[in-house]
Each structure stands twice: as structure tokens, then as C-alpha cells.
């Protein structure tokens, strides 16, 4: 795959490498400025610098942590613990020299591509903490979460751990990235409690144009995320890009239409939210489904996430400020299950329920469940530890004044 | 000397300005404000939560005028700003002790 | 072309594929967030969300329509109708499997690359409708226009139809994309009528910085548009990128200088407008002209489009709100004709007027004329149909209040 | 390198070409919209259009100048003057045909990639001139500086001139781009004098979110800058990307932590500034150091540039408005010297001080010194010439009113 | 007729609005202003330079009320806006000659 | 008690603030407004269309002062804000019935 010239011992392929260099840049762009703007536009004006500062800090912190320990834990051989966690032979990336390959691309490139996945996963979580978390506590939480939640789950699915072994299909990280971040966000917002004024003050996005820029860069960057997960520039990457595009467009239209019918106005926020829901849901399915499957996944993801971010959240009353669970959690679960339904042998060599293999759906649900449990419980424990040591919430005065001025001393004119 | 303070609907500003110009008044000062009154804002819906919008955008116009002209100013503004629908706004007339033009030091009626 | 190893039966080339994956991402970025910001910054503050929502909706809607029918109509064999329209064998993209190639890249990749061209063409049109069109009517118009105007014209030039057969040179879509969108915009603004207050109210851009971001992303993304149209990563793509860069820089300087001389102030809006004019004009010429040709095309496009967007529009009195015709229509015509003048055998294997082949200029004009007629008349008919069924313009009250709040219920703080 | 099939006479490699096409787009994006936003967000609201207009104008002007003369002077053989300056055989790019190669990529692609480097170097300088320079004078200065400062120094290091010959290590332009721009900025701000109100009026950034977008796009684009400087898609590019990512993350954390400790608040501006400092410092080192070296370079660059942009500037009292010298000058010098310290034979085939070759540090310092002298003195002379003919500063009235309205007639709502 | 003008801390706006509503007053006009007084702004630090922040964000509320109600309005605002900390703001009571509702032409007490 | 309301050119704000501080007055409230008067805005040109700019940015300063001090305040502001060129602005002096400091409940002169 990848070129017509690949022979048995893999050699470096410059086309594959070119695409993976590009994909890494695209996935980095998803977080900065993508997530920073997507989230920054949704909060009130007094907290926009804070969302951007948190996102940027996470990008930097995860870079350093991944270099020191994350990559090694997630992707290296863990010996007797291999089913659950990787090894420590790449601490500080020692041994990652100029010649080691990973398939047809340099191992160093694989390492940095995966780094950008870890970055965005942790950045996604903070949408649930918006407007009330202490900056220092977030630094501590991010550090712990990368090591104790992200690295193991990445290892389970992609690093040779037990979920990959089970046969869970997760092309580009629906489980590792989105369900993982989604459930962490839900637990986080429950532990933190709602924002002051939640439910009666107007907390509508202060600048949905920033959110649109963020959503657009997420969409464009997601081509690196999904098509990059082919790890080569061939038909697999192309088809992953195609279904990503189709599911996203369909999901945005579905969300927009639902709110048009129900609330009488189609909104830009709805279009952007639907697009992200579609991107999330197609992520595990990208290399496995065909265009018609993508249309279905997009349609269902758009409608179900709309319900999750509006009716479900309202019914349960939690303040998942920017709908991390409603979009990434629910979208991730929808995508994981539908991957088991729509997987097509002709596309990715794996069959799903529609081709008679309904067992795949069960396997997918197992993958979802394992992630929900480990990440849900683990996040709770880590937050309790951080709360005990540093506290989690800013003072009510700081919250009312806005975190931009009270924590960072910066405001937007 | 009076200071006429009018709260009007934003899209009426140009008509009011023209009405005042027709009266021979060219000086005025304008501020963007938010008003609360009988007129209610649309309810905003954001991801399932509904919020009452308590304050609506309005424009405040301040015009200083001599006592004689004050009534005409009030009339002109109220004619131009009227739509007949709720939320058209108010006019307040305040007494002024003194007016000064900074550039020349002229006072009162000369200063307007 | 593309690699030194291509042999007779084309096989997948990973370098070409890598570049086309990247190009697709770049062209998507031109529309979202590119066009959304370019147009959003130019309207008054009360309509900026609307421009972004329209652009985003178009991106999604065209994605779905292209999947369902557009690609098939534009690019598949139309049998006896082949000169005018393609066939229906790829409805819902059936048969687009993981192995079919288009040259040295996957057919699926060619399909999605072309999808991004359709998206941007339809997004460009709305600049002429700004601040007054109904959202639902736009949805209907876009659907009809894609099927009845865009798909046929794309087929004529690129899908095996009669214009390609005539020998019209259009490297990356000057005719299909820009003249097509430009004339549709002109007809649209005439049918809609001018904005309330046009000619005496101040309608200057509320935030030219957004417009600059949009123009910059258009410029960067246009590398995917023009150099991507080589469909391979070789000398053709490289030279297309070079002349794109040169013509764009030259055109921006020309526009800026013209307004500096005439209006006494060089503006950022002028620089951005000139750059887009240059990009438009070099689009048909990209693979055919050399750097000196690009300098000339840039210079003339900058000056003539400046005249079109200022003097001509003023003289004729129509309200082409964001100068879709002045920049894309006129720039596209200038570019199409100058391609016939400056085409250089050494660059693209085709000779133009300066090499003695003045007949090429005539052929170019025929291509322009066919597009102007079909798109102009067709757009008029489609708008009349939509007007009869749904109406086209918002109420005067909604227009004064701003479409952001009245149609979408959203505002920017 | 690049593919397994390269033979002795270099032929075009489509993978390498794909990556260089992408890199060129990425480096263009660094300037527009990158630098335009990075700088635009840092000035007061009345000058933001001006920063963007200056950046955009420079992008266009340098494009045309590079086409006419810059490339030829920098990269072509200078005959007897070859140690100091290139030749004139590529004026107007004549002879740059569709077939000439530069290594495994088209020469035309190499030319346009280098063009984007020239563009960003000149754009960086204007941060030191912010809020007070005349637009016309800037046009004149940029023209002269490209020809008399940039082209020679690029030639010295990369075009076959004496600094490359000395063995100075500068992977991607620490000397040519950053030290060069940094010292020009310092000289410029001294010649121009401080902004009105400097030292007592509040000149804090009006919108640090724009600065964040700019910094993020610089970071993403820098992958094209550093990994693109490999001129191929292989292990060299991959490792350059890895160390770029690591040094940047580390530097941002270092700057943020320093200000957290000293000023009690971590800021978004600090994170962005630190990231850029890290990017600058790793630029010369990118292909030569390993991940641990990158951590050290990032740490030191973050701390030293923080000191440069705060304490040093304050102590010396000059008004380097947006810290061009503090970040690019000092960061470039730190990076150049540390490249000599951390260069690792296993990574780039060159040994540095830690491997016993301390002489490399001396060579690096020679490269720094040559650049500081030529660029420092030359910039001073050119500014004096422009000042004598056109003047340099706007009137105090224009400065107070803001350059946006007084020079460009545009404002941001 | 009086015009009560109050300068308050921004985050107290909702409480003040509720206090006035409780008094049966629903009309008011609100402006974002900047205040200078005993309360000092934080010093801002930007890349090594320190700047005193001279003006702090405040909210101005204007309420027209009949002479009888004016004292109650002043009391209600001052009770709701008070934190006891420096910078709580001021209330000014201004005489008004005339009030007009634009929509109906009603005057004075009827117009409020 | 008087309320001195001054409309000035924006770039004069710092000088006016300093002049008032020199008088011992530190309390003031500032609003961004737009003014229409003899001074005309630049004509803006946008892609061939010319628009008259009807409103220019101005700053409104409000200072409450005791009757005795009022004249000095007017003088200080007018001296500091004067450029002698058209558009320098106006000063209005309004009577005030009552002033209250919210924090302490102090009244009138004590409240300023």
C-alpha cells in the first residue's frame, strides 16, 4: 500500500512521509488556533483570553510531557504489562535516531504525529471546565491525566494493548480521543459544579465568528487527523478524506435543520456544532465505511448530538459549559457503534453489521465501555487529588469579574 | 437653556438627525445605550437554554438648546422617532445653568 | 509526469497523492474560513454572522449534493449527451471503490478535490446578495444552481464536454469558477435590487482585518487550487505555484497604487481586493505562462478590476455588494483572454498570441461567451423560480435590524 | 535520500516535491495572515489595520522584487564576487524553465520557497517601527533592504558565499532571517525614536487573541520553514519537525513560568512570545540537534528572551515596540550559539561543543557577528537615506489619531 | 420629576434592576462608562513596562421618576449596589422639567 | 451641587484628567460618545462610493462638584481641552438636587 514499489522490508517512502509531515501540521492547527477559537468564541467576553491561554498552555505542556514519558508509555513494548501499558525505553525519546522507521515513514514522524493527537484530546476537555477552573490546578490535572488516562488508553487501542487485540475498530481515535475527552469533561463539570448564574444568566457565545473560524480549522485539520491515520498517501487516505467530508457536511445540515424546525432559526453555532459532531462520529469509521455509510453516520450524529447538547443536558441539569460530552462523548459513542454497523469489506477489509457481522457492534460497545469506565473513574480520582491539594474553582469574585482579568491580567478590546 | 435627552430606537437616528438639521440645529451628542422598559427582548436560545434578553439596544441623543427652541426640538425628535410601536422611547428635558464652547469661550446661547 | 518512474499503465504515485490530499485541504480552507471571513469583514456588523452562516451552509450543502449527483453529472460519461452533460452512473458515488484511479491518484481523491471547487464557486456568488437575501431561498437557489449551472459548465470544460474539445485553455477554473460565479452574482444583484440605503448610507466594511485574514487564506489556499490542478507533484505544479504568487503580488500592488494615486490613501481593503483579482486572473493561465507573463497578467488584472469595482459599478449603478462581478467576473475574463495572449510553449506546451497564435485568443473568448450566456440566463431563470415560490428578499424591517439577529438570532459582541 | 530509488544524477522526486509545495504554502501563511495578526493584535486598536496593511504590502512587494532581482542576487553564481554576492543571470527569472531541477525538486519550487523566506524576514522588522512609520517611506526602505541587506546575507550563508564556506551551521535561517531582522529592528527603533507616550501611556496589546492566532499560525507554518529546509521528505525533515515542536513547547512554558513567578500572573501574551522565542532559537539547530538538545534550547531561549523583552529593554530604554530584537535578535543569537553546543553527529552529521568540537561555537559566533555588523550598519545607512528623501515618522497629530484612520482611512469596529 | 443617575459596579447591574422592578419601576436606561475615583485600577504589566490603569469599568443607570418616588429609587439602588468596598459608586439626582413618551405623546408622570 | 458635563476631543482626555487632579478633584465618569456639530468628518471612500461621516468620536466627562468649585472645574476643563480648532466641544453645567456615595451613604458635598 502507499506506492507501487513497496517491497517486503519496509523502506522510507517520500510520498507517505510528505503526507504525514503535512498531517502533523494539520492536526497541530486543530488545537492552536482551532480549539482555542472554537471554545474562545463560545464563552462570555470576559473569559475568552482564558480559554485561549489554557489551550495554548496545554499544547506546550503535553508536548514536553509526551517527549519525556508519554510516547514511551503509549507506544513502546510494555513487556509483561503490554496488554495494559507500554514500556519506558523511550523516556526523553532516547534511541529515537535519524534512521528508525515506523512502516514507510520515520519513527520520529510517527511520534510527533501522535503527539498532536494527545494535545488535542487534552485541549478538548477544558470546554467542560470553562469560566471557573483555576489555572494552576489545570496544569496539575493535565499532567496527571496525560500519564494516567491518555497514555494507557492510547496503548490499549493503538500500542498493542488489549482493546486493539479484541478487534475494536477505531481508525483515527473515536475512542481514544473523543469518548475519552467527552467522559472526562462530563465528570469534570459535575465535580466543578455549574457556573455562577447558570440557568438564568445569558451565557450565549460572545463571538460566534471566532467559533466558526475554529470549527472550520477543525474541519480542515481533521483531514490530517483521519486521512493521516492511514500513515501513508494512498487509496486508504483518500477514502478516509472523502467520508470525513461527507459525514461532516451531512451532520451540519442535520443539526441546522433540527434547530430550524424546533427553534425556528438556523444558527451559525448550530452549523458549527453539527459539523464537529459529524467529524467526531466519522473518526472511528473513516477507513472502514463508504460514502453512503458516511451520509448515514453524519445524519444520525447531527441529530443525536443536537439532542444531547440541548434536551439531554437540560433534562439532567449539569453544566457541561461547551458541550464536550454532548458533542465529543455522544458523537464518539454514536460513531463507534455505527462503525460496527457500516464497516464495509470493500473499503477497509472489515465487515460490519450490515454485512452480517453484528458481533462487531458488540466489540465496539466493549471498547466504548472500557474507555468510559477507566476515563470516568480515573478522571474523578485525579480531580479529587488536585482539589485536595490546590482547590479547583476560582473565587466567586474572580468568576464574576472574569478569569481574563483576574487570572491573566489581560482583556480583549 | 435646556438639555434635551432622548432615548430612541437605533434605526431612527438618521431621521432624527435630519429633523433637527431642518430646525437649524446641527449640534448633538449621541451615545449607544441599553434600555429596559415595557418592550421585551426576544428570548434567546442557546443550545437548549432559554434566556430572557433584559436590555435592548437604544440610542441616546443629547441636544442643548435655548429655552425657546426646546419645545420645537422635543416635537421634532418625537415626530421623527415615532413608529407607534412599543419601545419608541422617551424624551427628558433638563434645566441647564450654563453652556460653554471650549474653542472660543462663548457662553450660553452663543455657545450652542 | 510527476515522477521519473511512471510507466504506461498509470499506477498510484504516493507523492502525487500526498500533494492532492494537501491541495484538497487547502481548497476547503479557501471557503471555510476563507470566503466566510473575506466576505464577513466587508459587510456591516449586523450582517457578519449571516455571511459566515451562508458560507458554511453552502459548504455543507454542496458536499451532500456533489455526493448525490453533482460529481456524476460533471465528470462521468454522458453518452450521447456527452458534449453537454455527464452521466448518472456515480449517483451517491456508487462504484467509487478503494481501487479506482484517476491518473496517478485515487479517483476518490479526484472527486473530493473537485468537490471543493464546486463549494467555493457557489460560496463566491453570495457576495452579490449580501445583507438582503432570505436564508431558505438561498438554500433552494444553491441546490438548483449546482445542478443546472455548475455541473454542466464543469462538464463542458473538464468533463469531456464541448469547450474542452474546442481547445479553450483553463488551467484551474477561471471560466468554470470565476466567470461563472461573477456573472451569477451580477444577475443576482440586479434581480434582488440594491440594499436599503445604498448610495447614501455608509456601508464600509465593519472589520477589514477579517477581510485580510480571508484574503490571506484565499491566497495560501489558492496554491492548492492552481498548483493542485496539475493533479501531480512535479514541475507543472511548481510552475503554477510560482506564477500564482507573482501575479497576485503584482496585482495587489497595482490596485493599491491606483487608489493611492486617485484617492490619496492606500488601503488594506485595496491590497486584499487586488490580491484576489490577481489570483482570479492567473487561475486559467497558471500552467501556461511564465513569470514575466504573470507580472503582466497581475498588473492588468489589478488595474482593470480596480476600475470595475469602482468606476464601472458606480457608472452603471448596480449594487454588487461585495464586487463579485467586479473582481471575479472581470478578473476571470481578463485572465481568460490574457491566457490566450501569454501562453508559452516552453511552460505548458500551448502557444498564445505573443508566440503568433492569436487564434487562441478567439477560442478563449468563445469559452468566456458560452459561460456568460449559460450562467447569466440560467441564473436569471432559477432566481425567478425561487422568487415565485419563496420570495427572495427579507422584509425591510429585518434588513434594517440586520440579518444576524432577525434571521439567525445571533450577534457578535 | 527521500526514496529508495534515487540514483546518482538527481531526478525529480514527487514525494519531496509534494512536501516542498506544502512547505511553501505554510511559510507564506506565516506572514499572511500570521505576522499580520501576531503584530496587529499587539498594537493599540487605532493602529491594527496599519500593521496588517504593512505586512500585506511587504508580502506583495518582496514577491515582485524577488522575481525581478532578489533571487538572482542571492542564489545564482556571482563569478568573481561569489563570496559576497550572486549573479544577475536570473533577472526577471529568465531561464527558469519547466525542467531545471534543484536537487530532487524543480528549481522554480526552490525559488518560490526561498521567496517566502525573504517575505517573512522583511515583515518581521516592522514590529520595531510600529505605530509611527510613514507608509511610503516603508515601501522605499523595504525595497532597498531586500536588495542591499537580505540578498547578500542569504547569499553568504546559502548561496555559496563566505559564511557557508566557513562552516557556519544555520539549518533554516536563524542568521539570515532572525538575527538579520532583529538587529534591523533595533537600529530602526533607535533611528525612529520612541512612540509618543512611551513609558507612561498604556500600550498593552488591544487584542491578544489576534496575537494568539498569529503565534499559532507561525508555529504551524514553521514546520514548513524548518522541516521544509530539508528540501526533501525524509528523516531529516521529520527530525527537524520533532525538535521544532519540542523546543517551542518548552520555551513557551519557560517564559510563562518566569512571568508567573515574577509578575504573579501567567499571560497568553507570554505563552505566545515564548513560543516564538523557541521557534526562533531552534531554527538554526533544527536539523542538527536531538530532542534533549531541543529541550535545553527551548528552556534557555524562553528565559533569555523573556529577560531581553522585559528587563534588558527596560534597562536600555529603547522602544522596540513589539520586541523584534528581544525575541528575534536575541532568540536568533541564542539559537545560533546553542546550535554550536548541541549539534549531534547522529542527527545531522555535524558535531558541536558537547561532542568536543567547541570550535563550532566560535564559528557560529563569527556568523552572528558578520550578520550583526552588515545588517546593523546597512540598516542605519538605508534609513538615513530614506529619512533624508521622504522622512520617516508621521506627524504627531497623525500618531495620536492613529495610523489606521490617518494613513489608510480605515478603522475596525 | 427627577432623573436619578447612578454609577455602579458592573456586576451589580442585575441586582439593581431587580430592586427597581420590586419597586414597580421597569423603565431604565443603561450605559457602559469608565470611572475614575478613590478606587485604583490594578497596575498592568506588559513586557516589563508597568502602567497605572486610570479608569475602571462602571455602569451608569438612568431612571426617571416622579418626585415622590425619587427617594425610594435612590434607596433601592444604593441598597442593591452596595458592597461596602471602595468604588461602589455614586447616585446623582437631577431635576427634570418635562418627560415625554414618544409612542403616545403622554407627558410627565404618565410618560414614565 | 452641580454636574459638569463636558464633550471633548478623545486625545485630550489625559490632559483634562490631570487638570482636574491638580484642582483636587479625583472623581469623574467618562463615556465614549459620538458628536455632530460644525466639525465635519472626513469623507470615506469605499470602492468608489463616497460617504459623508456624520458622527465623530468624542469623549463625555461628567464631574459632580459643589457649587463653589463648579466654575473652577469648567475653567480647568476648558483650558485643558482647548486646541482652538473646530470641534473642541462644549461644557454644560446642570443643577443637581442631591448626591449620594453608595458605599457610605454620605450625602452631597461629603459624597463627592
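For reference, chains read A, B, C, D, E and F in written order, and residue numbers begin at 1 within each chain.
What we mean here is this: a contact is a pair of C-beta atoms (placed from the backbone, for glycine too) under 8 Å apart; a residue touches a chain by one contact, two chains touch by 3 or more.
No experiment lies behind these values; they were computed from the predicted model shown.
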{"item": "Given chain C and chain E, the chains that contact each of them", "value": "A, B, D, F"}
{"item": "Angular offset of chain A relative to chain D [C-alpha, multiple of 5 degrees]", "value": "120"}
{"item": "Chain D against chain C, contact positions shared by both copies (same if over half, else different)", "value": "different"}
{"item": "Chain pair with the higher count of C-beta pairs in contact (D-F, C-F)", "value": "C-F"}
{"item": "Which listed pair, D-F, A-E or D-E, duplicates the contacts of C-F in over half of its pairs", "value": "D-E"}
{"item": "Length of the line joining the C-alpha centres of chain B and chain E, rounded to whole Å", "value": "18"}
{"item": "Chain B and chain D, separation of their C-alpha mean positions in angstrom", "value": "53"}
{"item": "Multi-partner residues of chain A (at least 2 other chains)", "value": "5, 13-16, 18-19, 22, 201, 204-205, 233, 263, 265, 269, 409"}
{"item": "Residues of chain F whose C-beta touches two or more other chains", "value": "14, 31, 44-45, 94-95"}
{"item": "Listing of all chain pairs that touch each other, if any do", "value": "A-B, A-C, A-D, A-E, B-C, B-E, B-F, C-D, C-F, D-E, D-F, E-F"}
{"item": "Residues of chain A touching chain D in the complex", "value": "5, 11-19, 21-22, 24-25, 28-29, 32-33, 36-37, 40, 48-49, 52-53, 56-57, 59-64, 67, 92-94, 96-99, 105-106, 108-109, 111-112, 115, 135, 210, 233, 407-410, 412-413"}
{"item": "Contacting residues of chain D [partner chain F, same complex]", "value": "201, 400-401, 405, 409"}
{"item": "Contacting residues of chain B [partner chain A, same complex]", "value": "44-49, 51, 53"}
{"item": "Touch list for chain A against partner chain C, complex", "value": "2-5, 13-16, 18-19, 22, 26, 45, 204-209, 212-213, 215-217, 219-220, 223-224, 227, 232-239, 241-242, 245-246, 248-250, 252-253, 256, 263, 265-269, 271-272, 275, 290-292, 295, 346-347"}
{"item": "Touch list for chain A against partner chain B, complex", "value": "199-205, 263, 265, 269, 273, 309-311, 313-314, 323, 326"}
